[in-house]
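Read from first to last, the chains carry the letters A, B and C; within each, the first residue is number 1.
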Amino acid sequence: MAEPLLRLEGVTRRFGATLALDGLSLDVMPGEFLALLGGSGSGKSTLLRIVAGFEPADAGRVLLQGRDITGLPPHARPVSLVFQSYALFPHLSVFDNVAYGLRREGVARGEIARRVAEALALVGLTGLERRRPAQLSGGQRQRVALVRSLVKRPPLLLLDEPLAALDAGLRERTGLELRALQRATGAGFVMVTHDQGEALALADRVAVMEGGRLAQLGSPQALYERPATRHVATFLGAANILEGRLEADGAVTCASGCRLRPAPPALAILGPPGAAAAFALRPERIRLLAGAPPAENGIAARVKDLAYRGDGWMLVVALPGGGEWRVALPAGASPPAPGATVSLAWAAESLVPLAA
Amino acid sequence: MMRRALLLLPPLLWLLLLVAAPVAILAGIALSESAAGVPPFRPPFTFDAGWQGTLEPLRSLVADQYYLDAFLRSLLVAFATAACCLALAYPMALGIAASPARWQMPLASLVLLPFWTGFLPRLGAWIGLLRDGGWVNRLLQAAGLTSGPLPLLYTEGAMLLGMVHAYLPFAVLPLAATLLRRDRTVEEAAADLGARPWRVFCTVTLPLSLPGALAAFLLVFIPAAGEFVIPELLGPPEAMLVGRALWVEFFQNRDWPLAAALALALLALLVLPISLFQRLSGRRAP
Amino acid sequence: MRWFPGGMGSRIGLVLGLGFLWLPILLLVGYAFSADRIPFQWGGLSLRWFRALAANDRMLEAAWLSLRIAAGAATLAVLLGGLTGWALARFGRFRGRALFGLLAGAPLVLPEVVTGLSLLLLFVVLQGAAEAAFGWAPGRGAGTVLLAHATLGLAYVAVVVQARLAGLDPALEEAAADLGAGPFAVFRTVTLPLIAPALAAGWLLAFTLSLDDVVVASFVSGPAGTTLPMLVFSQLRMGLTPEINALAAMVLGLAALLAGAAALILGRNGRVGDSAG
C-alpha cells in the first residue's frame, strides 16, 4: 500500500463544552476524491479547517505526505482550500485573483501569465481576465475560486461545500466538471458536503461523520448497500429500519409482526440468541407479490399512500404490528390503490444488520 | 499572538492616557476644594497632607435650585430636539428608501453634506435669518403678518430651531439605513392578507423600524443634552443649560471643582444610563 | 407600490426636509457675494468681503493653524483608529476587549463640554507633574488641541473601520493565508486595500470634526492657540458680520469638495450608512 497523502491521527477539537472532533483518524490516498458527509454540527467543517490550518487541533496529528504539519500556519501548508463563499478578492481582477498564490511563491512574471492563462483555459474562463468578481455569474465565480487554488498545484485540495451556492440545474454539471478536473490534475480532493447525492456521485470514498466521529468510511456502493449504523442507513437514501429479537434458530421476530431470516454472514455480526437486532431494508429491495406473503422475509401490509416519482412509485405501507415502511416500485409496475392490502417479500441478502 | 498584542499597545496606551485618565482626574477634582491659585483647586489627596477632599461641590449641585433647573431644562430641550428631529427625519428616511436605487446614495449624501459644511456657518445663517432686520422678519412684514420686527433671535424657539437643524442629519441616516434594509416581502404579505396601505405602515413598517428610530433618537438626544454652542449663540441669555452652566463655572467663575462636579453629574445622569440602555437594547435587536 | 403608503407623502417630506436643511446654507452662500455691509441684505454683486477676508491677518493665521491641527489630528486618528477598529473587528475575544471597546467608544457619547474639561484637567495635571520633575513644562496650545482632536477622531475612525471589516467576509483573509501569504502580506494585499475607503472616509471625518470644533479646543487650548472656529465663535457672539458670511461660504465650498471626494470613495465601495458613525 502506498503512503497516504493525508493522515489524521486521533485529531480532537473542543469548543467550550462541546467536542467538535473526537479523536478522529483518517487516511486520504494520493489522487483520491474523498467526501466528508455529515449534517451540521457533525464536525466535518472543523476537520477541513484543521487540515487547512485555520483551527488548532487540541490533540492528535495531521501528516501530509508523511510530514507533520500540525503546528504549521496556513500560509506554510501546501494544501489549498476552496471556501464555501469562494472568498474571491473583490478588489482584484480575475487574473490577479488566480495569480495571487503564485505571486506569494515568488514565481516569475512570465511564468505567472502562462500558468494563469492555462488554468483559466482549463475551466473555460479565457477572456474574462480583466473582470472583477462582482461582474461574474455564480458558476464563473466558483470556477475562479477552484483554479485560484489549483494553479498552485497543491497535492491536496480541500473543498468546503463547493456546490452549495449554485442553482440546482448548475450543480450536477459543475459536480461532473469537478470530478473531471480532479482526474486531470491528479490531486487529492477532500470535499465537505451535507448532500448525500453529491457525495455518492462524485467521491471515490465517502466518510460519514456524526458527532465528531467517523460513523463509516467506504466506497459509495459499500455505504449504500451495507450501512453499518442506523444513522448511516437513514442519512444515505431512504431505509426501513427493522427491529426485533434474535432467536435460537437464527431467525428474528420483528416488532412489526414479521419473521426475518437474514443471510448466514449477517448472523456472525449479530449477538447471541435473545439479543436485540436491527436491520436496514432499502425500499427498492422489497417486491410486491401476487399471492400470500412467504412465512419468512415477507409480510402483508395495507397501502396508506403513494407518490409518483417519475422513475417509479413510492408506497407508504402500514404494518399490522404498527409502524410504516416505504416500498419503491419500478415505473412499469401498476400501482395498488390506497387502502388495498399487498403482499411484500425480500431476499435474505437485502437485510443489512446494523450495529446500533 | 505576541505581534498582535504589540499592535494593540499604541491605541490602548493612547486611550488609557487620553480617555480613561481624564475622566478619573475629573472625578478627583470634583472632590476637591476650590482655592485661589494656579490651578485653582486643592488636590483631594497628597502624600504630604493625606486626604483633604470634600463633597462640597457635589452637594451644592443638589442643594442649589439653579443647577437642578439647568439639568431639567437640558433634559427637556434634548428631548424636544430629538422628538422634532425624529418627526422630520422619518418621512425623509422613508422618502430616501422609497426612491430608485441610483438616487439613494446621492440623496443620503445631500442629507449628510450639511454636517460636513460645519456647524458654525449654519448657526451664522440662522443668526442672519432670525435677527430683527433679517429675512424671516422681512418676509413676515411683507406678508402683512406683523407691523414691527418680532424678537425671534435669542429665544427658546431659535435655539430649538438651530438644534434641530444641526442634528437632523444624525437622525435621518440610521433611520434610512434601517428602512433600506427592511424585508419588503413582509409588507407585501400584510397587503396580501388584506391590510390597507396605511395599516401596512402602522402594523408592519413602523414597528419594524423602531430600533432604528430609537438609535436615531439617542444619537440626537445625547449630544443635545450637553450642547453649549447653540444655546449660547441662538438661545436667550437666561436659559441656563448644563453645558452653559459648566462653561460659566469654569471660564467665568473659575470654580474648577464645581465645573468638574457638573460634568460628572452630566455623565452619571444622562450619558451612562442611556449608553447602558443602548447597549442592552442593541444586544437584543442588532 | 400602490399597496404601500407614503410614496407621495414621504417624497414631500423629503423635499421639505432637504429644503429646511439647505435653504439657510444656500442663502448664506448667496449673500456672501453681496456688497452690503449688513449681512443677508442685498447690495449688488461684489467680492468685497472675500477681499476683506484675505486682508484679515488674524483670520488667516487662525485658519492656517486650524488646517495644520486638523491634518495632523486626522492622520494620527487614522493610524490609531485604524488599528483600534481592526483589533475590535478581527482579534476575536482577547482579554480586556470590553474595556478597549468602551474606551474607544467613549468619545462618541461624552458631551463635548465633558470631553473638553476632562482633557484640560489631564493636561493641567501633566503640566504640574512635568514642572515638578523638570522645572519646566510645555504650554497649552496647538499641541494640546491636536492631541484632543486626534482622540475624538480615533473614535470615529475606529467605528468606520470596524463597520467596514464587519461587512467583509473573514474568509477573504483566510483565503490569502491559504494561498501562501504570511500575516504581513495578508494585511498589505487584502486587508489594507479593502479598508482603504474606510480609512480615507475616516480621515476626512476626523479632519472636518477638528475643523468644526469650538468647545473642546476652547478648553484645552492656550493663549497662543486660537483656532479658526474659536475666533469665529467669539465673533458670532456679537452677531453675524459679512466677513464671517464670506468665510462660511468658503468653508462650505471646501467642505463640499471634501464631501464630494468622500462620496466618490465611499460610493465606489460602500453603502448608505457606512459613514453615519
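Quick note on the criterion: a contact is a pair of C-beta atoms (placed from the backbone, for glycine too) under 8 Å apart; a residue touches a chain by one contact, two chains touch by 3 or more.
This one's a predicted model, so the numbers in the text were calculated from it and none came from an experiment.
*Asks:* Quick one: do these chains touch in a line, a ring, a star, all-to-all (complete), or other?
*Replies:* Here the contact pattern is a line, an open path with two ends.
*Asks:* Going by the touch criterion at the top, tell me which pair is linked by more C-beta contacts: B-C or A-C.
*Replies:* Result of the comparison of B-C and A-C: B-C.
*Asks:* Per the centroid of Cα atoms for each chain, what is the distance between subunit A and subunit C, given in Å?
*Replies:* Distance between chain centres: 55 Å.
*Asks:* Quick one: subunit B and subunit C, Cα centre-to-centre, how many Å?
*Replies:* 16
*Asks:* Provide the list of subunit C residues touching at least two other chains, using ranges where the numbers run on.
*Replies:* Subunit C, residues with two or more chain partners: not present.
*Asks:* When you check subunit B against every other chain, which residues touch at least two of them?
*Replies:* Nothing qualifies.
*Asks:* What does subunit B use to touch subunit C in their complex?
*Replies:* 3-4, 7-8, 10-12, 14-23, 25-26, 29, 39, 88-92, 94-96, 98-99, 104-105, 107-114, 116-129, 131, 133-135, 165, 168-170, 172-174, 176-177, 180, 187-188, 191, 197-198, 200-201, 205, 222-223, 225-229, 232-233, 242-243, 246-247, 250-251, 256, 259-260, 263, 266-267, 270-271, 274-275
*Asks:* Note which residues of subunit A are touching subunit C in the complex, please.
*Replies:* Going by the criterion above, the answer is residues 52-54, 73-75, 77, 80-81, 83-85, 87-91, 100-101, 104-105, 148-149, 152.
*Asks:* Tell me, which parts of subunit C touch subunit B in their complex?
*Replies:* Touch list, subunit C to subunit B: 1-7, 9-15, 17-18, 20-22, 24-25, 27-28, 31, 38-41, 80-81, 83-84, 86-87, 91, 94, 96, 100, 103-104, 106-107, 109-115, 117-119, 121-122, 124-125, 128, 147-148, 151, 154, 183, 208, 211-212, 214-215, 218-219, 229, 232-233, 236-237, 239-240, 244-245, 247-249, 251-252, 255-256, 258-259, 262-263, 267, 272-273, 275-276.
*Asks:* Which of the residues in subunit C end up touching subunit A in this complex?
*Replies:* Those residues of subunit C that touch subunit A are 169, 171-172, 174-182, 185-186, 189-190, 193-194.
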